[in-house]
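Same chain, two partners: subunit A is paired with subunit B first, then with subunit C.
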Partner chain A sequence: MDTINWALVDWSRAQFALTALYHWIFVPLTLGLSFILAILETIYVKTGNEKWLQIEKFWMKLFGINFAIGVATGIILEFEFGTNWSNYSWFVGDIFGAPLAIEGIMAFFMESTFIAIMFFGWNKVSRKTHLLATWLTAIGTNLSALWILVANGWMQNPAGMSFNPDTMRNEMHNFLDVLFNPVAVNKFIHTVSSAYTFAALFVVAVSAWYLLRNRHTEQAKYSMLVASAFGIVAILMNLFTGDGSAKQVAKYQPMKLAAMEGLYEGRSGAPLIAFGIATQSKENPRKQDIHGIEIPNFLSILAFNDPDAFVPGIKDLVHGNKEHGIPSYRERIESGKIAIDALAAYKKAKKAGNTQEAKKQLALFKEHFKDFGYGYYYGRDPHELIPPVAITFYSFHLMVIFGTWFLILFIWLYAELFRNKLENKKWLLRLAVISFPLGFLAQEFGWITAEVGRQPWVIQDLMPNMVAVSHIETSSVMITFFLFLITFTALLIAEIKIMTNAIKKGF
Partner chain B sequence: MFEQMSYETLQAYWWIIIAFLGGALVFLLLVQGGQTLFNELAETDEEKSVLVNIIGHKWEFTFTTLVVFGGAFFASFPLFYSTSFGGAYWVWMLILFAFIVQAVSYEYRKKKGNFLGSKMYDTFLYINGVIAPLLLGIALSTFFTGNSFSVHKERILRIGQNVEAVISRWDTPWHGLDALWNGFHGAWFQNLMLGLTVLFLARTNALLYIKKMTGENSILERISKKLKINAGLFLLFFMIWLIRLMFIPGFAVNNSGKIVLENGKYFHNLITNPFTAVFLITGVILVLYGLYAGIFKTLDKAFWYAAGGTVLTVMALFFLTGFNHTAYYPSITDLQSSLTIHNSSSSRFTLVVMSYVSLMVPFVLAYIWWAWKALDVHKYDVKEIKQEEIKY
Partner chain C sequence: MILKKIWLFYYEGFRNLSSDSRKLWLIILIKLFIMFAILKIFFFPNILKEQFHNDQERIEHIENQLINTNK
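And now, the complex of A and B:
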C-alpha cells in the first residue's frame, strides 16, 4: 500500500492552483492598468485638457471594480503557504518569508495608501499631488509583483542559501543572490510585461467595442492610441524575456523544457514545434506522441544559443545519458537517500557526543545535498518525477502563439490609428475585441507552464510536493477548496456583470 | 549597525516589530467594529451611506496590516507560521474567509449588476465585522493559554511517508477551533473573554472614529448612547481577562531551557519587566482617557487617545507572552514543543537583513499618516456624501 496520502497532496495543490489562477485573472489588469492610468493622468496634467481627465476617470472606475478582488485572492495565497504547506514554510521559511514581508512593508502599504488618495482625493489634494499618488499606486502595485516573483523565482532556482543541519532548515546567507537570482529577475520582467500586455488588450478591446458601435469615438481612439503603444512596448519586453526564460529553464529545469516541447529523445540540433498536438502513445502509456510542424534547430538555439547544441529529452533525464554527463533519476534518488540518512546519522552522532562520526556524516550529507529532494523517492518509480507532459506542452505553445498574435495586433492597430482609418476596419476592431479573452488565456497558460512543468518540485530538486504539505485531513482541504471555488466564482460573476454595466454606460 | 547586535537582541527587536504590527492591527479593527454598527447607527439609507463611506475609506489599511503582520511573522518567526497556520487551520481559514468577502463588498454594494445584491454585501461586511475581531482576539489569547500541538524537526527525514514527515502537528482534529472548549485551566473562558474584548474594543474605537468624522446630528446622538454600553462591555471583558491572566499558570523557560508551568507567570513578567509595565499602564490610561473624553467631553481627539492606547496595550500583551523567558506559543499537549522567540526565529543573517528593511517602517508610517489626514480633512454628513463623485 502506498504510504503517501496523495489525496491530501492533490487537494492541497488544487486549492493553491485555484487561488493562484483566480488571483491571476484580476492582478494583471491591476498591474498594467495602474501604469496606463498614470500615463493618462500625466497627459492630462501636462495638457490641462479636460478630455484626458474624462478618459482617466472612466478607466479608473473600471480599475476600481477589479482591484479589490485581486487583493482578496492575494491574501489567501500568502496565508496558504502556512495553512496548506506548513512543512515547506519551515524548510525554507528563513529565505522565503523575507520577500513576502518586504512585499508587505515596501509595496502593499504604498499601494493601499495611495490608492485611497487616487480614488477619494480628487477634491482634497492638489492636481500634482494626485498625479504623484497615481504613480505611487502603480509603482507600489508593481513592487509587490517584484517581491512575490523573487519568491517564486527562488523556488525554481534556490540561490543564496545553505542547509543548516542543526536547525534542520535552509537558511539565507546572501540576500543579493536571492534578489538578483537570474530566474527571479527574468521572471519579474516576463510576468509584469505579460500583465501590461493584458491590460493593454483590455483597453484596446473595450475601445474597439465603442468604435464598432460609434460611441465615444474620440475617447476610444485616444485610449486606444495610448494602450496600443503601451502594448507594443510590453509585448516586445515579454517576447524578449520569454527567450531569456527558455534559456534559464534549459539550464536549471531541463525536465520542464523537455515537457514543454514533448521531447522524449534528446538530440543535437533539436527542432522547435511551431504548432502541434500531443496524443497518448499506444506503445507506451507513459508517453505522449507529438505531431506537428517543426522549425529545425530552433529549440537548440532557444535553449542554448547554439543551433547544434544537445537538448536532453525526458528519457535522458530519467535514465541518464553518460555521453552528455547526465545522471539518471535512479542515481539521484540513491544520492538523495544518502543525504537524508547522513543527516539523520549526523543528528544522532551529535546527540551522543560523537564528534568524529558527526563530522563524517556531515561531509557525506553536504556532498549529496544537491539531490536531497530526490531521496524522498527512494523505493518509488523514478517516472513519478516527470511532470504532466500534455498540459505543459499545450500551455506553452498556446501562450507563445497568442503572444505573437498580440504583437501583430498592437502594431496593426497603431498603424491604422496613425493613418486615421481605424473606424473603417470593422473586422480588425472585431479581432481586437475577441483578442481580450485570448490575453487572459495566455496569462494563465504562462503560469501553468511554469508551475505544472516543474512538478513534483515545490523547491527545485530539494523538496517535492508530497513532503511539503500540512498535517491536516484531506476532507478539511476539500471543504475549503469548494468554499473558495464558490466564493471566487460568485465574485468573478459579480465583477464581470458590474464591469459590463460600467462599460455599457460609457465615459 | 544591525550586524553588531546579538542574535538574542535581534530576536527581541523583531518581537517588538511583531508586537507593533499586532497593536496596529487591533487598532485598525475599528473598520470591522464599524461594520457591525451600520444598522445600529443608521435609520435611513442616506445615514448608512455616510457611515459606510467613513469606515470604508479605511478598509485597506486594516487589510494590508493583516497581510504585513502575517508576512513579517513568516520572515522573522517561520516556525510559528508553519505551526500555527498549518495547525490551527480552521481558525485561520475562517479569519481569511471573513476578509475575502469584505474586500469586494465596499466597492460592489451599490454598483449596478452586482449579482448578489446590496443586502448580501452588507451581510458580508457584518460577518467580517464580527468574525475577524472575535477570532483574532481568541487566537491572541491562546498565546497565553496554550494550544495542542507538537513540533519535531526530525520528522522531516522520514522517507516514504508524507503526513508523518510534517514537523508540526496539531493534536486535535478541530484544528484551532478547540480554543473554544480547551479546558486547560479554564482556557476556553479566557480565550472567549479576549475575543469579546477585541470585538467590543473595535466597536468602541469605531464609535469614537465615526463621532470624530461625522457632522450628522442624528448619528451623533445615537453614538453617545452606544458608546457607553460598548465601552462598558469592553472594559468588563478586558478586566476579567487581565485579572485572570495574572493568576493562571504561564509557560516559563527554566534555567536548563526546559518549558515548565509557572503559577502567576504573567504577573511575574509584568513586575520584573518595567518596559512591559510602562506600556501596559500607559496604554490602559490612554484608552480610559480616550473613553472618558469621548463620552463626557466629546473631544475629537478622544479617538486618537484610544487609538494610541490600544496599540500600546496590545504591544504590552505581546511583551508579556514573548519576553522574560516565556513561551509565546505554548503547547499544552507537548510542553517542550512550545515556541519561544529564540527557538522559532529566523537565522541571524535573515533577521539582520530584515532589520534593515524595518528601517522603512517610520517612512511608511509617515506617508500613511499624511494620507489619512489628507482624506479626513472634513466631516461627512448626508449632504456631503450626496455630492461625492466616487463613493461606496
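And now, the complex of A and C:
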C-alpha cells in the first residue's frame, strides 16, 4: 500500500506554483523597468531636455504602481517553506537561509533608501544624485533577484555544501561555490534578461497604444526607441544564456533536457524540434510521440557543442545505457537505498556508542549520498522519476518561439522608428500591443520548463517532493490555496485597474 | 542634524503624496495586514518551531521523516 499522501504533495506543489507564478507577474516588470528608468534619466541628465524628464516621470509612475502592488508577494513563498515544506526547510539549512537573509536585508535597505530618493527626491537632491539613486534602485532590485536565483540554482545543482548527518541538514562549506554555482550564474542572467525583455515589451506596447490613438506621439516614439533598443540587447542576452542553460541542463539534469525535447530514445547527432506537437504513443504508454519540424544535429550542438554528440533520452536514463556509461535509475535507486539505510545505521550506532560501526556506516553513507533521493523510490516504479513530458515540451518550445518573435519585433520596430515610418504601420503597432501578454506567457513558460522539468526533485537527486512536504492536513493546504488565489487575483485586478487608469491619463 | 534632514525628507515626501499614491499605500497596508496578521498567524505556523521545543527534537523528527518515508 502506498504510504505517501499524494493529495498533500500535489496541493502543496500547486500552492507553491500558484504563488510563484503570481509573484512573477510583478517582479519582472520591476526588474526591467528599473533599468529602463535609469537609461531614460541618464539621457535626460546628459541632454537636459525636459521632454525626457516628462517621459521618465511617466514611466516612473507606472513602475511605482507595479512595485507597490507586487512588493512582499514573495514573502508568501517563505511562509510556505515553514508550513508546507518544513522537511525541506530543515534539510537545506544555511544554504537557503543565507542568500534569502542577504536578499531580505539588501532589499529593505536599498529599496527604502533609493526608491524614496527616486520618488521624493525631485527638486530636493541634485540631478546627478537623483540619477545615482535611480541606478542604485535598478542595481539593488536586480541584486535581490540574484540571491533568490542563487538559492534556486542550488536546488537545481547542489554545490558548495555538505550534509551533516548529526544535524540532518546541509551546511555551507564554501559560500563562493554557492554564489558562483554555474547554474546559478547562468540562471540569474537568463532570468533577469527575460525580465528586461518583458519590461521592454511593456513600454513598447503602451507606446504603440498611444501611437494607434495618435496621443503623445513624440513621447511614445522616444520611449519606444529606448525600449526596443533595450529589448534587442535583453533578448540577445537571453539567447546567449539560453544556450548556456541548455549545456548545464544536459550536464546536471539530463532528464529535464530529454523532457524538454520529448526525446525518448537517445541519439547521436540529435535534432532539435523547431515546431512540434506531442501525442501519447499508442505502443508505449510512457512515451510521447513528437511530430514536427526538426533541425538536424542541433540538439547535440546545443547540449554539448558537438554535432555528433550523444544526447540521452528518457529510456536511456531510466533503463541505463552501458555504451554511453549511463547508470539505470534502478541502480541509482539501489545506491540511494544504501545511503538511507547507512544513515539509519549510523544514527543507531552513534546512539549505542559504537564508534567503529558509526564510522563504517558514515563512510558508506557518504559514498552513496549523491543518489540519496533516489532511495525513496525503492520498491516503486522508476518511471515515477520522469517529469510530465508534454507540459515541459510545450512550455519550452512556446518560450523559445515567443522569444524569437520578440527579437524580430524589437528589430522591426527599431528599424521603422529609424526610418520614421512607424506611425503608418498600424498593423505592426497592433502586433506590438498584442505581444505584451505573450511576454508574460513566455516568462511563466520559462519557469514551468525549469521547475516542472525537474520533477520529482525539490533538490536535484537528493530530495524528492514526497519527502520534502510537511505532514499537515491536506484540507488546510487547499484552504490556503484558494485564499491565495483570491488575494492575488484581487491584487492583479487592482494593478490592472490602477495601471490602465494611469496609462489613460497619459504623460 | 542629518537625522532631522532625513526625517523631513520622508515626512514631506509622504505628506505631498498624490491621491493615487495614497491609494497605493492603502493597498500596501491592507496587503501587509492580510499577509502578516491573518495568513501568517492563522494559516502558516512554522511547523518545526511550533511543534518541537528544541533543535534536538527537530533533528529527531527530520531523522524519522528522512529515514522512514516510503518504508
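Note that in this section the second predicted complex is superposed on the first by the 502 of 507 C-alpha atoms of A that agree within 3 Å, B and C clash if a C-alpha of one lies under 4 Å from a C-alpha of the other, contacts with A are read in each partner's own complex, and residues count from 1 in each chain.
Basically, contacts are C-beta pairs under 8 Å (C-beta built on N, C-alpha and C of every residue); 3 or more make two chains touch, one makes a residue touch a chain.
Values in this document were obtained by computation on a predicted structure and should not be read as measured data.
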{"item": "Clash-or-fit label for the pair subunit B, subunit C on subunit A", "value": "clash"}
{"item": "Subunit B versus subunit C as contact partner of A:171, first or second or both or neither", "value": "first"}
{"item": "First, second, both or neither for A:75, with subunit B first and subunit C second", "value": "both"}
{"item": "Greater subunit A contact set [subunit C / subunit B]", "value": "B"}
{"item": "Contacts of A:65 with subunit B and subunit C, given as first, second, both or neither", "value": "both"}
{"item": "Partner chain(s) touched by A:476 [first = subunit B, second = subunit C, both, neither]", "value": "both"}
{"item": "Subunit B versus subunit C as contact partner of A:343, first or second or both or neither", "value": "both"}
{"item": "Partner chain in contact with A:334 - subunit B first, subunit C second, else both or neither", "value": "neither"}
{"item": "Where subunit A meets both subunit C and subunit B, residue numbers", "value": "3-4, 61, 64-65, 68-69, 71-72, 75-76, 79, 82-83, 86-87, 89-91, 116, 119-121, 124, 167-169, 340, 343-344, 347, 376, 378-380, 466-467, 470-472, 476, 480, 483, 487, 491, 494, 498, 501-502"}
{"item": "Subunit C-touching residues of subunit A, taken from the complex the two chains share", "value": "3-4, 61, 64-65, 68-69, 71-72, 75-76, 79-80, 82-83, 86-87, 89-91, 116, 119-121, 124, 166-169, 340, 343-344, 347, 376-380, 466-467, 470-472, 476, 479-480, 483, 487, 491, 494, 498, 501-502"}
{"item": "Complex interface listing, subunit A residues touching subunit B", "value": "3-5, 8-9, 61, 64-65, 67-69, 71-76, 78-79, 81-87, 89-91, 93-98, 100-106, 108-117, 119-122, 124-125, 164, 167-169, 171-173, 175, 337, 340, 343-344, 347, 375-376, 378-380, 466-467, 469-473, 476, 480, 483, 487, 490-491, 493-495, 497-498, 500-502, 505"}
{"item": "Of all residues in subunit B, those that touch subunit A in their complex", "value": "57, 60-61, 63-64, 66-68, 70-72, 74-76, 78-79, 81-87, 89-90, 92-93, 96-97, 99-104, 106-108, 111-116, 153-154, 156-157, 159-163, 165-170, 173, 175, 346-347, 349-350, 353-354, 357-358, 360-361, 364, 367-368, 371, 374-375, 377, 389-390"}
{"item": "Subunit C - residues contacting subunit A, complex", "value": "9-10, 12-13, 20-21, 23-25, 27-28, 31-32, 34-35, 39-40, 43-49, 55, 58-59, 62-63, 65-67, 69-71"}
